[in-house]
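Shared between the two complexes below is subunit A, which has subunit B as its partner in the first and subunit C in the second.
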Partner chain A sequence: MADTRKLSLKMKKRMRVVGVLLILLGFVTMGVRLFYLQVIDGDELQQKAVNQQLRDISIAPGRGSIYDRNGNILAASATVWTVTISPKDIKESQKEEAAQKLSELLELDYETVLAKMQKNNYYEVLKRKIEYDESEKVKAFCQENGYSFVSLIEDSKRYYPYGNFASAVIGFTGVDNQGLSGLEAYYDDLLTGTSGLVVSAKNGWGQDMPFQYEKLYSATDGYSLVTTLDETLQHYLEKQLEAALTEHNAKAVSGIVMNPKTGEILAMASKSDFDPNDPYTILDERLKASLEGLEGEEYTTALSNAQQYQWRNKIISDLYEPGSVFKVVTAAAALEEKVVTTDEQFYCSPAGVTIADHTFHCWKAGGHGSLNFFESMTASCNPVYVEMGQRLGAERFYSYVQAFGLTEKTGIDLYGETNSIVYRAQQMGPVELGSCAFGQSNKITPLQMLTANCAAINGGKLMKPHLVSKILDSDGNVYKTIEPTEVRTVISAETSQILCDMLEADVAAPGSNCYIAGYRIGGKSGTSEKLDSDDPDARVASFFAFAPADDPQIAVLIFVDEPNSYSQYGAVLAAPAVRRFLEEALPYIGVQPVYTEEELAKTTISVPNLVGSTLSQAKATINSKGLKVTYVGEGDTVVKTVPSGGNKIPQGGTLVVYLDDSETKTVTMPKLTGLTPSQASATAGALGINIHMTGDSTTKTATAVSQSIAEGTTVSVGTVVDVAFQANVARE
Partner chain B sequence: MGRGKLKRSFRNGEKKQPMDITFFVLVMCLLTIGLIMLFSASYAYAFYMTGNSFYYIGRQLAFAALGVAAMLVISRIDYHILRKFVYPIYAISVLLLVVVLFMPAINGAKRWIVLPGVGQFQPSEVAKFAIIVIFSHYIALNYQKMRTLKKGLLPFVLLLIPVVGLMVLEPHLSGTILILLLAGCLLIIGGANLAWFGVAAAAAGGALAFLVMFTDVIEYAMGRLTTWLDPFSDPQGLGWQTVQSLLSIGSGGFFGLGLGQSRQKYLYVPEPQNDFIFAIVCEELGYIGALLIIGLFAALVWRGIVISSRAKDRFGAMLCVGLVLQVGIQAVLNIMVVTNTIPNTGISLPFFSYGGTSLIMLLAQMGVVLSISRSAVLKQ
Partner chain C sequence: MAQNTAYDLSLFEKKKKEQVIRLEPKKAPRPKPQRRFGAVRVMAVAVLVVGVLSLALFSRAQLTELSAAITTAEEEYNAAQSEAQRLQLQMDAGVTLKKVEEVAAAKLGLVKQGDYQVNYVTLTTGNAVEVTEEDNSILGQVVRFFTGLFGGKES
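Presenting the complex of A and B:
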């Protein structure tokens, strides 16, 4: 059986062939194949491998804050947490119980939570933006139950400490902290900052491998904005807008406050607006009412429209026909082009002025008759401005419309500015030129109107309106300063000076409703038809004002959209709101009142504290204050005074001084409302009541609209009653 | 092949030569590299699965020590003793292939016999050895009549049928292919008529055509075929293992990430200590390292052929070449699977893949080769 013979040559040969074939076919092809995989395709495959091996977790940067000009926070971000789960890491048997517990804890729907847990992935969001307290609860709960598949991811939430305050300007952010409107949207890139990244290694089960490398690219927080807004002025403005909205039952009331020299927006608001903390809730009562009873798609559409409406910044996004406020521009052009002189006399005929078959009647029935250039502004006389337009001609008129920036966007740092609709020179026949000249036909935004009028009164320079003055980096250092930008010089300083005088005269004239004792205010009212409204009687009542007239520091435009009130005139509805705003704003910005003698008579002084002083001492003090005095009693020492020391008493008012314990004399407060200033003064004076007049008491025909002490109240003789007057003279 | 029969090896009183040191060194090189790479490839998986990073390497080291001892002992035993046990060995292997069909299925196949406390082994490993031994025996017997049908083909086919049939039942496709390739190589070297292989190829083609046309095997195969042709089409499902393997290999680049630096072994490549260990080797040692290991396998095969051609008789020569070809073919098939050159079938890499009994058997067989080398006739 033993085979001692060796291999035949053939077998050896075949063995070598098999061996060589195996090595060549097998090993060599494998060598080639590996070369292909590792060297040629290596980078691509490695990239794929790295993609699955590394986990990128982005770190959200802190969103920058928005400040007003004095450093008050208008918008800021705070840390909140987003609860996420990794469904693949949850044991199947655990899911129902976990869904039950978590849905209870987070107040979520059980089915939704369970559905998310049953997904085949590593990341699902359960609840967004929970606050610190809740996040701590979730943390503790998950530790207790060993729910390692729950993660809390840091996120941030936007807070607007003032609620519905400057909301159209500030805007709001969405769930991902992205700016959706206002400054939040316009400066979104800057506010957002740069996301950071944690790159960590993970194993095939998706678990982190902390012992492997981890790389951190830290996030850079967003820049903060220092706006030109002044929280106090904004507050004053919004107060007046809200009051006007309610009082005049208007569709909307909007206002802008600007520094006319720099174009800085000091305040801007449109009422009613929204709360950026909760932008989707409709605040306006009228809008809310319109949604009631709607269902399904109809409701959704209506709600969406209502939201869009309340978010819209009407000051830059809505067009209107400015009406007589525009006459400032026409007057500026006419003066600059010297087609009129300041001492020129015009005639406003009862028959109106006929241009190419079209007759323009003045708003005042019967016309104004003869009036000079200055009076044309106060009278707001349409035929005079039609005349100015004709003298300028379409070309020149249009060139001023352009120069005042009315054909282009102002370039304010907000999205959503609308293009104006303006007649170009070649589109304007004499009739169109006529109506354009007194502020109808052309449609512009309120911001364009205010910007143009500021150019008319600030020495002639058109300034670019802007909302942000400084951009700060995350450490609070100034990254960028935004300087006022002069767009162009429109008119000469001399022309501008004339316009200031003219507009100051307008406010000083009876019935402007914007006169404030001690202050030099210029202004112009406007009432325009809303030709695109369903309601043929719809109007926009507006008023433009600036102060001080000799050195303008603040300019305001308030407009009441579709008022449903006792009047539709700008001078009646919008001017009082402007006046009340300026009454607060001017002392705040540091403009000192300078009274004329006539005005001084209407100011109040503080009653000196006389109790305990002797009769002679008292007399000396009272004389120096310029007060009239009535003595009661026989003593030598002052026992009490009405009004008592420290209270206000009108300049030249009557102080009652008691020299013994005589009973205080009383009278019954008469009805003063509805009386003219002189009637009210006489009625009160007869009873020994001091009257302090506010509002437009210089207009003889103004009537008292309110009194601080109700009719029929028993008051001491010498008591001071505040009476507000309002002119309702036919002033357009 | 018990120890009691040790003295038989010297019964002829022939002058003994030292074992072939080159082959021994090649075996030890592959074993050492294999163990190092097993440790590197398995420790993360072992940690996640068992909590003990040394789980696999600890066991494998013990088996390797036993295996090396067995190799050295066997190298001193006269391999002719195997010839006396040709039939028992064959019978036992067939019996084991029957027994395994009654074992619980793992991943849908019954390939493993589990011996509680000892471990588990694949009867197909035993069957491979049995086929090599019995083929060598018959080739040595019938060498002059190898071109005849009766002596040169029929006995071999009859011996193959039960083994292959049982392995198909497991099913164990890769093992079957390996055994068929090995049997074919042995027959060719043994001097069989090459025309039969043409006939066999035609028959195989016919069978394949039959399967494709009359059964739904194509449907089953198409899934695997699609995955094979484009594993990235289903990277999370069927293609997962292949995709992860390719990503590992590619990550290695030319110079590799460095020993121990694989990232893919962190639960990406499934069971990195088993069939796909070479992917981790490629990732850590790069193209250079992979080539070195392939070179070592090629050298081992070539040295085996050299030993075989010097063997003092035909049985020894056939046995030797059969054993080294088995290692070589298995290594090539494994690397082909790992590189997605052929569809994914379960086939391990000799000296590298984890598996105690198979490592002991492998080293014992290398001992047989060394034993043959001792009786080599160096000068004609």
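Presenting the complex of A and C:
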């Protein structure tokens, strides 16, 4: 019995040990497994759990807007919708009817819609970017017809309210709202913003359980840009560019307006251009005509080239030989280096000037004869500037070309800026130096030319051109301000003042076509050959101007590329466009005219209202206004006048006063276009017509280019006709 | 065996413990009080629990509905705001300077202001200097003499 007890005790002990060992084994196994699951596979399993249990929905950020300097919206985004279908959820019997109805509603091709419905997937796009009204119609339509397979996905669309306005500057966006050109591309990161996220728990059916778990990561809307552009000045500029493009049948006309003291770009445009709301459509008639009759790959290639041409900002991407506008730089260098004084005399011979084995002729066939350096700017005398180049020498000349920023990009905040092709000092022999000195051979961008000339007239400081002045956050707070940047001082203030005087004299002289009564304007014309063009007659006609000449606040450069017109010269084609721009722009920016006595004498005055006055009263009033008078009829009371009261009449014009009900005398308006000022005045005067001259009427050889009342119209004697004159003197 | 008195072996005998019988009063268990309305109370508690649970569920449902309504309202607000922006842009597109000029000139027959509508007034009449006449009396000459001696200016 004792043995049995001993045995059972032993067994019990062993059982206890085995039991403990088994339990330990169990725990160890579990521990190892836990370690494996939580440490080795922990991350992967956690991720799987997150993917299974959580759902994230992306929140698209709002794209920032683009404003002009006065807060006018140039580009902004709004919500639109994309219509999608789930083809697999459409019953076979429903497809044709649904395709018919949806294609009618969305104005799509039936076959295309049907083809999409017959696909074997869950997602097909029917139409992108439909607006609110259309989306509501789709919603109502689907609810009415029970089309649960149609979905509306929120999207965003970019709007440009001004259409083809500063289009090369603003640029446009793509289907995914990414910037593709212009400011939209350059500042795309800032404009886009940061997407947000909503992470929430989902149950076994895939439904959200926001109270179980939800975390919101807010989207950050994009920043907005305040540009330096002025919508009004941009409009004035584009109006003149469009008129010049049509009038001169040019390949392109471009213009840029800058504040010479700060480098802010106030307006910039290239015609032909495009509408950013529909950038892929060709707007220019010439480009459209070039695509007619083409098919297949030829058409695709030509279309792509045409699109690239219209998108390209020719002011920063195209090079040109600046011509005589460059003489401002040469003059600045010569004066600063004191190799010439303003009263030094030169002689411009018809034989030209010979440098090495090359003879440079002046643009004026017979030469200018004797003139001093100050006058050489107005005369645009090539031999004088060839001489300046020789006096400076290649090294010094090139150093000024560099100093004026013509050998490097300006750094404007736009993509696509091209660098210039300029002769370096060691590449310039005497002939190349002579040619470069008067604006040929070197190729620069129009922006570089304007920036350099602004440095010449603003006191000598080269300013960096820029298009954006402020960056705003989504609440309208200023995130960043971009201040004007002075790159370097190029010339002294004294030299700059001399240049201003020279350029002012250029505009004031007859034949500039940029003179505006009451305003002090400086400017320089330029006409250059396009040496690398297939067409030997291809030219670029340009004009640079700034005002007021004693305190420049605005500078403008307009250039006409390959004009097919009655002239090729900058002073004839580009200068009038600049003048018309400044006539509107200067009062807008607050520069009011201050007339000299001589200028006042040429303005028009308002006709006094004399109807009902006695003859003696009328005489006194007419005398006080300095008008001449012709009386018609018998009587003591004024019955009517021609022109009538309140209308305009030139100073010293003739007023026709009717003293009874005599029939109004009439004449037929003659042709005045093509006549010189004196011829036009005599022709009109002979018929008793008052002539009001505008434009360059001081140049004796100027000709009338337009008259406000057409030839052959029957008009009353005393009627005022506006006649615009333009000098066709080939001033380069 | 004669008792050994030298050794009292009885001392080494296990002494029997005297059993002392103590009487202790034993507390009788309290009789359980008879519970009145026991079933009713259970029912009431059950109803309360069900009620609280129901309220909790109901409030959770309300919350979910309200959240959904807020989300919908926010979406509608954002869509309306965006639509207002789009319409504003559409309106701006209709009143650009270009369109205003076209309508003003073509439809309304308006023209830009001419210089004949502005009266230019000359304000400056030229510089003029007033010179006081010198006092040539004896007193005036004496005053000028003494003023000049001390380097002063005449008043």
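Of note:
One rule holds in what follows: the second predicted complex is superposed on the first by the 601 of 732 C-alpha atoms of A that agree within 3 Å, B and C clash if a C-alpha of one lies under 4 Å from a C-alpha of the other, contacts with A are read in each partner's own complex, and residues count from 1 in each chain.
Keep this in mind: contacts are C-beta pairs under 8 Å (C-beta built on N, C-alpha and C of every residue); 3 or more make two chains touch, one makes a residue touch a chain.
Owing to the predicted nature of the structure, the values given are computational and were not obtained by experimental measurement.
In the overlay built on the shared chain, the residue A:79 is in contact with subunit C alone; subunit B does not reach it.
When the two complexes are overlaid on their common chain A, residue A:566 makes contact with neither subunit B nor subunit C. By the document's definition of touching, of the two partners only subunit B reaches A:14; subunit C does not. When the two complexes are overlaid on their common chain A, residue A:31 makes contact with subunit B while staying clear of subunit C.
In the superposed model, B is the one of subunit B and subunit C that contacts more residues of subunit A.
When the shared chain is aligned, subunit C comes close enough to touch A:162, but subunit B does not.
Contacts of A:603 after superposition on the shared chain: subunit C is touched, whereas subunit B is not.
Contacts from subunit A toward subunit B in the complex involve residues 1-8, 10-12, 14-16, 18-19, 22-23, 25-27, 29-31, 33-35, 37-39, 41-46, 48-50, 52-53, 201, 203-205, 209, 212. Listing the residues of subunit A that touch subunit C in their complex gives 72-73, 76, 78-79, 131-132, 159, 161-163, 165, 210-211, 231-232, 235, 238-239, 595, 600, 603-606, 647-649.
By the touch criterion stated above, subunit C contacts subunit A in their complex at residues 60, 63-64, 67, 78-79, 82-83, 85-86, 89-90, 92-93, 96-98, 101, 114-117, 119-120.
Residues 44, 48, 80, 83, 140-141, 143, 185, 188-191, 244, 246-254, 263-264, 266-269, 282, 286-287, 290-291, 294-295, 297-298, 301-302, 305, 308-309, 311-315, 317, 321, 325, 328-329, 331-332, 335-336, 339, 341, 377 of subunit B touch subunit A in their complex.
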